[in-house]
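By written order: A, B, C and D. Residues from 1 in each chain.
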Amino acid sequence: MKRIGVLCSGGDAPGMNPNVRAVVRAGIEAGLEVWGIERGYSGLIKGALAPLGSHDVSGLINRGGTILRTARCAEFMHAEGRAQAAATLRARGIDGLVVCGGDGSFTGAQLIYREHGIPIAGTPGTIDDDLCGTDHTIGFHTAVTTAVEACDKIRDTADDHDRIFVVEVMGRRCGAIALETALAAGAEVVLLPERPGLGPRECAQRLRHAREQGKTSMLVIVAEGAGKGEAVTKVIADALPDAEVRCSVLGYMLRGGVPTVNDRILATVTGVDAVHALLERGAGCCHHIGVIANRVVRTPLSEVVGRPKIIEADLVALVDVTAGLRPWQSG
Amino acid sequence: MKRIGVLCSGGDAPGMNPNVRAVVRAGIEAGLEVWGIERGYSGLIKGALAPLGSHDVSGLINRGGTILRTARCAEFMHAEGRAQAAATLRARGIDGLVVCGGDGSFTGAQLIYREHGIPIAGTPGTIDDDLCGTDHTIGFHTAVTTAVEACDKIRDTADDHDRIFVVEVMGRRCGAIALETALAAGAEVVLLPERPGLGPRECAQRLRHAREQGKTSMLVIVAEGAGKGEAVTKVIADALPDAEVRCSVLGYMLRGGVPTVNDRILATVTGVDAVHALLERGAGCCHHIGVIANRVVRTPLSEVVGRPKIIEADLVALVDVTAGLRPWQSG
Amino acid sequence: MKRIGVLCSGGDAPGMNPNVRAVVRAGIEAGLEVWGIERGYSGLIKGALAPLGSHDVSGLINRGGTILRTARCAEFMHAEGRAQAAATLRARGIDGLVVCGGDGSFTGAQLIYREHGIPIAGTPGTIDDDLCGTDHTIGFHTAVTTAVEACDKIRDTADDHDRIFVVEVMGRRCGAIALETALAAGAEVVLLPERPGLGPRECAQRLRHAREQGKTSMLVIVAEGAGKGEAVTKVIADALPDAEVRCSVLGYMLRGGVPTVNDRILATVTGVDAVHALLERGAGCCHHIGVIANRVVRTPLSEVVGRPKIIEADLVALVDVTAGLRPWQSG
Amino acid sequence: MKRIGVLCSGGDAPGMNPNVRAVVRAGIEAGLEVWGIERGYSGLIKGALAPLGSHDVSGLINRGGTILRTARCAEFMHAEGRAQAAATLRARGIDGLVVCGGDGSFTGAQLIYREHGIPIAGTPGTIDDDLCGTDHTIGFHTAVTTAVEACDKIRDTADDHDRIFVVEVMGRRCGAIALETALAAGAEVVLLPERPGLGPRECAQRLRHAREQGKTSMLVIVAEGAGKGEAVTKVIADALPDAEVRCSVLGYMLRGGVPTVNDRILATVTGVDAVHALLERGAGCCHHIGVIANRVVRTPLSEVVGRPKIIEADLVALVDVTAGLRPWQSG
């Protein structure tokens, strides 16, 4: 292997830039040439790619976003698009590909591996934290940190005005962002797609009890997959007519910003190992590079794709314990 | 004057806590007793107030929100409520009142002064920056800083995906937050209530020109008084069918958070002078304490109430110049 | 067990407050009374302690420092002092103790357990990350985040002026803070107490090679246990007479600040389990509560005390790979 | 005027990048070509300069440092060096120069104007806030914000351990950074070069009184021009032998980091007006562009150079009032 490519694909995530930096630096260290491909798979199809030197990635360790840009690419879902992409790689003499993305991107990566024999190393670049091959994904920690900082501010105004606030965060099928946000923001209730038994109605009941016991301001975190913030707010406001209930939707700001320490290190560790995996496994490499229990773990992509991670029931219970609502109920 | 009271009223703002701290510390320094009144005028009506010592306000310089809480008080809009409030003050021997709030709160303060002779010093506690007696209000700078930090993050994801983002910020009758946010975030367009000629349609036209000249990602800031973010987004998306347009609403998070350097200093300067104004003007004190051109300025409340500030046309022009859109148009 | 105590001991760490909150909330949830002890073991000796309710710990999830204060207590190192502390606990009917601290504090905890049969649950409250019973300690992540934010700023001025910067961080016997800071800040070299082969002289040599290959600004992170920043700076400046070399010492600021998401969650998880461990193990509880590979782990204090953690050789190697120095050396 | 140059000179400051952006965008808007000159005056002497397009400065609004780099240039202090610089400008057809820097840089700018007739517009790029032609300089606000954030953290650990902390900040002849930091951090005492009557001994006396009245933790801010932090710490520790006194030096980190809202706006306003001043005044332009009382003010460089700003006595008094020390003294 003499030349490898690196691309970002799917929804963006803070930490993609340090991931690209790590791939380039580790590649050069290993004697490889590293090419950067623009806007995900569409850059392969359109031939938008160029070699990257060590200096080109200097200063990326603390930059949000990705200098390569990212995209969802409809053409790549068709065999024809993938054939064109493979042709580009062959034409440029690129022998292996690092794909930084999520479940959808890895589905495509698997196909180009199977159909055209392009060795693949996938790094977990998504804020959703929904990949089973790694404890956390690149971008997740920054997203949670941003959400918690917003909740800290919202808590101030909730306290000042004795209000209940419903805060909606990203997470369609996976409540990981909502759960860690709730725990770290000290929220009173969290609604998760994985916990259908606790919906807006049950939430309203908990809040009513807490108010009866004297709690005046409260925070509810809602993963978008568990209900839209506005809808949850309405249910609560209807159930507690004398409470002031407000809603805040933390949208796209969770996808940007300077990556946190965790995301920089995770991006660096997985980026470096992605290069090593390609070198060591060669033609047999179609693996996901994650970090599980502080160790780098290479998992066949086939065992990662389509198998979403399960969130920790223990952490869910902790929100309930530390919210301090239960003793009041029993009061 | 031997005993004064301090309260926060209306919508909350970061910097109210340092303001309370400054009033208490300056009061004690001047030999006064200072009482803290809870939840705005309603604390006066309900008799929820207590003396504050120097130590009680220790640690408030960098705390968001207000330990006194704040509220909008319907009873105080009636003569009866104000009579009850005045009775509370007399019963406790409180000779003067510092009111940290905005236009609505000062309207009430003027009335209790006129009807019951309670000396008033008003400090500009509102994020809206819409008071003519001061260059800026307490909380405004923190709100803009929060908005700009969010825009920096949103800019990352706009760049990554070549998107147009519409960001709605608070500001119903006053576009100050939107304007400074746009300038400091490097936004391409800003929609202000004070600038009705530039609406969603004109904005969409500017964006189309910019895209034709090669600009791929852009930020539009909208003051809520100039249109709801979602509505503006729809107009732009309809006008630019091949662009990805997204909306983000920065709501209540602008009202909380650790106060910035500016808000801490403004809160301190006005809080200290509020005490001095009460002492020096005594029964004749019904003034607003602001900072204009770096000087503390005391203005009769009658000249402040109901006279919203005009935003600077110069700053509006700067957004257009530095966005870098115009040369492309002429291209 | 009906009543437990909680104290913070030794050097302070961000996250002690959420830890206290978790202990109090989990204790009350379990039907216990929880007493807060002031200023570590000296509060036990002097009898400075009081019961804490759910509301007393409200708002602590995002507060730096510890409302209980902390101290190093010389008297507790003597049997007499410990006897007095045990007497206080018995007099108040306190049946178990949660100690948030580091290695030194746990040494004392072990002794009061052995000598007086006080059940102990220790939570890892120290920024040093040097305890073998947990992947990370409470406060470590906030300290690294603060150090990395400082390095990001220093990198700006290093770049502007083509300078080499030596940044000293805390860590006498353990280089963990220095290592993660170096990795996440993208530093060119890191000097660690655990890596004596790479000292100031070898560092200067690496920097000279890098400069010969065209690198103009560089960052060196030094754990205080590997040399004082000023001394390292002098060695480098002497070896590279035409380079501008500057030093920055990040001291006590690493010990304060709003705890990060990681430290809030780690403090919450270990605080809750400390209560459960006391309840479940009763008189036999003399354990450290840590998190290893995402699982709560209870380890006998005897296996934790005096056995410092070993830092990861893999991470050390990553700094070298991603600094981008080596290919230039071979150039 | 058809072509202008822009350079950064002297010590770096956060906000130089948005200043360069504003100059380039305003220049292009006005129909000019704008060239960027590397590393201050030395770039002129060595001929290191190149044209900048609108896109080259995209993304600079929130970037610390300066893409042009900056330097102190010994050759430019000699007539020969300036002649060479002027020759470069003439050779490239550059008719005017924007210089972002401080007092020293403007001294040189004045000379090249007088000796070679190069029109000059100076923007106040220095963290020191010591220029009389503007209320504040570009970078000052970011430096103060960084210092205050560090003090907030240090206050946590001071409180936890009942300690006195001495914090040294930059500022040799001017105490502006120290003063605003002290005010916004709620420090108990500030030592300023402009206030020689309050030195380490008087400071120690104040602290002793405060401790006698029960204050346990305190913060002292020292401008480096008023004494080195370590020396001040020693004086205090000797005078208060039973207090724990610690020192923290906030060095170069004050010079970097993402510019704050104030610095972005100040950099934008002055950068745009620098271009307009060159166009409007042409050959007669040798002016400093500042903002005084919210208005852009052009002052002849001759009236700015060598005339340091005086800090506000009022603000100094405020530190004493709000520290809450005096009432205790009278106790």
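Simple rule for what comes next: a residue touches a chain if its C-beta (ideal position, glycine included) is under 8 Å from a C-beta of that chain, and two chains touch if they have at least 3 such contacts.
Not measured: the values here are computed from a predicted model.
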In how few steps can one go from chain A to chain C if every step must land on a touching chain? 1
Taking each chain's centre as the mean position of its Cα atoms, how many Å separate chain A from chain D? 39
Please tell me the distance, in whole Å, between the geometric centres of chain B and chain D computed from their C-alpha atoms. 28
Between chain C and chain D, what is the separation of their C-alpha centroids in Å? 35
Expected list for chain C, residues touching two or more other chains, is 152, 155, 159
So which chains end up touching which? A-B, A-C, B-D, C-D
Show me the residue ranges of chain B that touch chain D in the complex, using the header's touch definition. 18, 21-22, 25-26, 28-29, 54-55, 57-59, 61-62, 135, 141, 144-145, 148, 152, 155, 159, 180, 183-186, 214, 258, 260-262, 264-265, 268-269, 272, 292-294, 296, 312, 314-315, 318, 321-324, 326-328
What does chain C use to touch chain D in their complex? 8, 12, 14, 16, 39, 64-66, 69-71, 146, 150, 152-157, 159-162, 165, 246-257
